[in-house]
Amino acid sequence: MYKIEAIIQPHKLDDVRNALKALGIDGLTVTEVRGHGRQKGHTEFYRGQEYKVDLLPKRKIEMVVTNDRKDEVIETIVKAAQTGKIGDGKVFVYDVGDAIRIRNEDRGDAAL
Amino acid sequence: MSLRTLAVLAYLCLPACAFAQTDSPLPSPAAVPAISAGDNAWMLISAALVLMMTGPGLALFYCGLVRRRNVLGTMMQSFAMMAVVTLVWAICGYSLVFAEGNAFLGDLRFAFLHGVGAAPNANYAPTIPHLTFMIYQMMFAIITPALITGAFAERVKFSSTLLFSLIWLFLVYFPIAHMVWGIGGYLNPFLGGKIPVFDFAGGTVVHITSGFSALVTAIWVGRRVGYPQEPMPPHNLVLSFIGACLLWVGWFGFNAGSALAASSLASSAFVATHLASAAGAVAWMIAERIRNGKPGALGAISGAVAGLATVTQGAGFVQPFSAVIIGFIAGFVCYTMVAVVKAKLKYDDTLDAFGVHGVGGFIGCLLTGVFATRAVNDTLKLANGQAAPLGAVDGNPGQILNQLIGAIIGIVFAVVGTLIALKVTSLALGFRMSARDEDQGMDLSLHGEEGYNFDS
Amino acid sequence: MSLRTLAVLAYLCLPACAFAQTDSPLPSPAAVPAISAGDNAWMLISAALVLMMTGPGLALFYCGLVRRRNVLGTMMQSFAMMAVVTLVWAICGYSLVFAEGNAFLGDLRFAFLHGVGAAPNANYAPTIPHLTFMIYQMMFAIITPALITGAFAERVKFSSTLLFSLIWLFLVYFPIAHMVWGIGGYLNPFLGGKIPVFDFAGGTVVHITSGFSALVTAIWVGRRVGYPQEPMPPHNLVLSFIGACLLWVGWFGFNAGSALAASSLASSAFVATHLASAAGAVAWMIAERIRNGKPGALGAISGAVAGLATVTQGAGFVQPFSAVIIGFIAGFVCYTMVAVVKAKLKYDDTLDAFGVHGVGGFIGCLLTGVFATRAVNDTLKLANGQAAPLGAVDGNPGQILNQLIGAIIGIVFAVVGTLIALKVTSLALGFRMSARDEDQGMDLSLHGEEGYNFDS
Amino acid sequence: MSLRTLAVLAYLCLPACAFAQTDSPLPSPAAVPAISAGDNAWMLISAALVLMMTGPGLALFYCGLVRRRNVLGTMMQSFAMMAVVTLVWAICGYSLVFAEGNAFLGDLRFAFLHGVGAAPNANYAPTIPHLTFMIYQMMFAIITPALITGAFAERVKFSSTLLFSLIWLFLVYFPIAHMVWGIGGYLNPFLGGKIPVFDFAGGTVVHITSGFSALVTAIWVGRRVGYPQEPMPPHNLVLSFIGACLLWVGWFGFNAGSALAASSLASSAFVATHLASAAGAVAWMIAERIRNGKPGALGAISGAVAGLATVTQGAGFVQPFSAVIIGFIAGFVCYTMVAVVKAKLKYDDTLDAFGVHGVGGFIGCLLTGVFATRAVNDTLKLANGQAAPLGAVDGNPGQILNQLIGAIIGIVFAVVGTLIALKVTSLALGFRMSARDEDQGMDLSLHGEEGYNFDS
Amino acid sequence: MYKIEAIIQPHKLDDVRNALKALGIDGLTVTEVRGHGRQKGHTEFYRGQEYKVDLLPKRKIEMVVTNDRKDEVIETIVKAAQTGKIGDGKVFVYDVGDAIRIRNEDRGDAAL
Amino acid sequence: MYKIEAIIQPHKLDDVRNALKALGIDGLTVTEVRGHGRQKGHTEFYRGQEYKVDLLPKRKIEMVVTNDRKDEVIETIVKAAQTGKIGDGKVFVYDVGDAIRIRNEDRGDAAL
């Protein structure tokens, strides 16, 4: 089991979700985050006072998948989220020790 | 320090004035005029509008500009004035301002609203009940200390804000209001004053006093922790926008209501008010467009408020397009003050109570000396019964000097009174919140509440 | 159950009353008085202010106090009254209250606003168009059932809220309003009533009826799921703050407008209203400061509303400083009710409609018997043409008993009518939401919308 | 294209009209009537109410419906009108509309408010200062272009919005307002027009012009990126709710104020306005209940606004229950337009400025021809001095045709003028934001600010 | 050391926290997330326009625990969060490399 | 590759970010979270009703770094976030399986 964590542009969320749905990946969790990378922020002005904002809104999608689906999921996300411009985001992959479905206490791959 | 000396002097003087000469007779009007339902309707609704300026108007304008954790604390600084100043005004404030007394303070004949009833007080407003006049003027006494709180927002204890405001009313607002508007007031050109200062709706009484007092408090209390390195953007500009619009609408009660009747003078003041606000907004937007490339929403509403504060003094004395000029100047000057000068001087006037109200009030005071004209307001008569020339446009440039003197007197009272009030408050209760409380925010540390619980 | 029996009795009686005696002549005024533009201006704007009390005023005050998921559902409980009660009032409500009929209900001569036009109804307001009087009174009928919804907020179906409110208007509001304010009403001291109850602006008609009905609904419907173990803090106190300020401002229309003219009586009621609100806020803050160590923002605005609700009955009868006393008592008593007694008794009056309006209305009713004075209101005449003594301060302590009787009659109607309305609604539509819907929130389950979509 | 040709023609014609015949004498009223304090009070407060409709009213109604990132930009589209239109109106707009000129445009005699002072303009409002009339009418010129911005919300540059609105005022608003309301205006039945169109408070002048112009702009500018696949739910319905309530309250100033006096006609218009709003809300809720199973909060407030927009034209001409019918029709028709027809046609009128104001204005115009009655408004006299029959209910069904002609003229001006204004603006500044800016949001890209900083 | 990550129904947060407290687990971090799984979303209507919402609000609880507590913690969470209905959520388990307490630079198990 | 996850006081965010910038760490993601540990919460009052809040606002910073930077990053964060008072927060370290830059599909260390 792997956890795939994708940090993407907010307006790409729907595209990515649709692509994943097409792949049969349903279980996922989304978090609103702000991020910084190579992308430059912007400047705001309040009564002439400058205020630099360099943490930009992103969405984090986390999904735990079985080993065999890892690569296609990554590929799908990357394809759906890509615009080719700075700020597109990253995908990180982690090992998962175990998974439990709270409803019925299924464990492991069955829980996903 | 000379200021300190002056402060002590003033402090000693004032109470003496307050109770002197209470036996001098009121000039009794020949015949008691009848109440006009139209005038009373207008003045009651104007009173309601001016209350609405403080709450929710100013409270929202201010609380949208602070950080989330101070939203309630900032609102409360306005709301508490609605509660506390009301009682003080009814107990003695009204009397100290509008009763006959000496040139600096009224006496206590109207204390506890004694003698303030259905019959008009013909000295001020012969066609409306005395009670209407009293409550209308109360609303001005409420908003003035509320304006000051913008300067020390986000870092002062609630109890201290209250005590400070109370002392301040007695040392600054009551005397200045009496001098400018009270019968026999030193600066009241219409009721026997020495130096004629035209202040239609409180440019000096409200905006200069609150604005300069604000500056003093901001410097005295020092900057917020983290200012100016740490960014402190407004947490909710929508609230400030609602507040600014309600201020605009309410200001019609403030300025046009100051005609004290639904007369054509009220209409004239209404128009001047509206035009100056519009011009102020346009000017500030232009200034931001030039300097940052983008006219901001905060800029637009700040410009409107600057225009409104600046035209207050002259609203019932100037022609419509004079008001446009006043509004434009207000927008540019206040913008410069707030965006350039403040940044240079590095004091932390959190919500620009000085930059908008102090500066706007001051230039509005002078510009009234320029633009006031008997074509608009012929209340002041020459010996021969003709309307007296008012400002420079009427061929009376000396009025600018009178206005300047009025402004300076207002500033001196504001500075001295504020210093005393700060000192007394500090000794009695302390003034500033602890750094820990400031970090936690006023809402939790002072009021034990949070403004938003969106995840409940 | 005796209550149930009484309820059935009342239910059977009322319609009978409603259509009785429609042929008794209206006392025709000697001469048709002219319309006063000033009075009409004041009453139109007062009507607008009272509408503003419900929306956005009360809607915001209430919706800020609920959990995020119920923000729209709570607003809608007020807004729907603005829509639905308006139509009912125009169709027959106005007539049932203000047409001549019997001592308990008017007849239907004004149904569909028949005969309600430009000419004044001299029985009530001889200087304004009948239409103005009709629409002004409509606004009271709108806010009263809206107040009740605070007690069962967060757990009742929308359709049921509507049906309940409609039935309630017919069983409680229309009869009580007729009895207190209608011509020939049983409790109307000015137009031929049997027991003289002074209710200037609806302390009994609006606050006692809604407040006690609220208590009955809260008990009947039961507590919210999770109450009181689960914390349910207000989701947005800024909204409640805006709402409270607009209630304060709007209340000038409610109370001072109840003079039905821009008269000095209006000014007096305006002043009393404002002072009581301020005193209520101060008292509640003091109570919280003593008990929790911190005066809260919610406390301050709750105190103001308590002061306003409590002074409503006496606004046009009492001296300014009597209003201050009334406000203070209101603040302390309502605080105790809401913070101490409610917690003990464990009923779930979500937004304290009973604790503030019921309790405030009740003590305001009695205090009017204490403080009402002919020095303020000389409308009631003795046989010899002199103003009649009103309350205990005028040497008429018996009035306190009259007020108590009035209050009790109001409470009985409220309790009985509410029980019937609840029963009928439950049979027809059910009343409470399913636990699943309650958990999901009113916004989604009843209205299919979300209040906030901040991440869109 | 015929539209384009017509546009050019009109463009060439208008300036010619504007300055023609400036020497024709004003019909001087026999005697200068006195100012009525009551009427002036009512009109000043009405002016304030109409300003409040734009800010904060409309600004909130609109900004709550857009996505979070456009909240300030949307507010600014309304607020900027408060600033900019004010100045244009004072400079020449008022004169072009209300000065005598030809049948299509006034001349410039009142430019820079020359001659607009304390004395009434007896042609329009003989009991209030000319200045009051001028500023009251100004508020209508402010809100009308602000309404249009709802159609192209979330995707047009700020500078372009301003330039477009200015051109639009000259090409559409000023001529149509003069034709309908100005002395000698082509469609003005009361002051010497050719075709009698009854438009009490601006159904044609405000709602038809803005609504149809809105449709043109929405089609011209194209859909928002992502529309309609991507969901774009309102980001804060609470704001829209506050806005809608303030629109409702402010509309009393708009409609009842259009009586230009605190007369019984004002009361009648007030009642009609309120009833139509309530009926509109009920109808829309019923429609949603039928179609989705749930009546929504957005539906309820939209219905109220639809009812208000639709009754505007007839407010001072129709009986109360005619207003109820008008409101009901408005609710159902506008709902169908917005929920069914728009979805089919797939244009992106972001905030339904066309669906509510255009459609509502149009049917309101026709329904005025049906329901207008001399029983309510007897201003129009026959040769024999008797009140002229007005609409179909008075036995004058031909009036429906007159109203239709009026509506069509309004629509033609709106469409042609809007096309020209769009074209000129596009050439001068461009119109639409870049896709990148649209994606980032108006707040950051146009104003350099964010509406909310909840994590500060 | 393990990180236990539980995605649960929002209204179960208090129950879970109380159960954990009873177990002596104090250190935890909560995030507001939205998730999708087998649970169906709902439909919203704005002026007749349909708008499907299928990301539903959830709460994510993360706690890093020593190896020996892992199982009882999981069990406790599952028991407290269970309603038996779709949407109850999942528990995921991850290895943790190290932990540091910022206040005093404690490391490893001592930092928890 | 490691993921460093730091849970810190909200007002320390700027300090930590500046310190990381000085170190040359640019890529990071910030989440608003609420946490509980040894720090005591506070009590709120609404109309006299007590309401205990013991989940306090924190910021979570996540950054994936190459193996060789792990230690200096941790050290920098700890130094910048430390006030010495209870509630300062924790740093957790996790293994990362892989990283992909969405824009250009760079993988592994190159993606950071």
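Order of writing sets the chain letters: A, B, C, D, E and F. Residues in each chain are counted from 1.
Keep in mind that, in the parts below, a residue touches a chain if its C-beta (ideal position, glycine included) is under 8 Å from a C-beta of that chain, and two chains touch if they have at least 3 such contacts.
Everything numeric in this text was worked out from a predicted model, so none of it was measured.
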Path length in steps (a step moves to a chain that is touched) from chain A to chain D: 1
Result of counting contacting C-beta pairs for C-F and B-F, higher pair: C-F
Chain E against chain A, contact positions shared by both copies (same if over half, else different): different
Listed pair (B-F, D-E or C-F) duplicating the A-D contact set, over half by residue number: B-F
Where chain A and chain B are represented by their mean Cα positions, the distance between them in whole Å: 53
Intercentroid distance (Cα basis), chain E paired with chain C, Å: 47
Inter-centroid spacing, chain F versus chain A (mean Cα positions, whole Å): 18
Where chain D touches two or more other chains at once, by residue number: 36-39, 41-42, 45, 231, 233-234, 236, 242, 262, 292, 294, 296, 298, 448-450, 452, 455
Where chain A touches two or more other chains at once, by residue number: 31-32, 44-46, 94-95
All pairs of touching chains, each written as two labels joined by a dash: A-B, A-D, A-E, A-F, B-C, B-D, B-F, C-D, C-E, C-F, D-E, E-F
In the complex, chain E residues that touch chain A: 2, 6-8, 31-38, 55, 58, 60, 74, 77-78, 81-95
Chain B contact footprint on chain D (complex, rising order): 35-42, 44-45, 47-48, 51-52, 55-56, 59-60, 63, 71-73, 75-76, 79-80, 82-84, 86-87, 90, 112-113, 116-118, 128-129, 131-132, 134-135, 138, 158, 236, 239, 242, 262, 443, 446-456
Partner chain E, residues of chain C touching it in the complex: 226, 230, 439-440, 444, 448-450
Chain C residues within the chain F interface of the complex: 228, 231, 233-234, 288, 291-292, 294, 296, 298-299, 302, 335, 338-340, 343, 352
Chain C partner contacts - residues on chain D that touch it in the complex: 36-39, 41-42, 45, 49, 67-68, 127, 231-238, 241-242, 245-246, 248-249, 252-253, 256, 261-268, 270-271, 274-275, 277-279, 281-282, 285, 292-298, 300-301, 303-304, 320-321, 324, 452
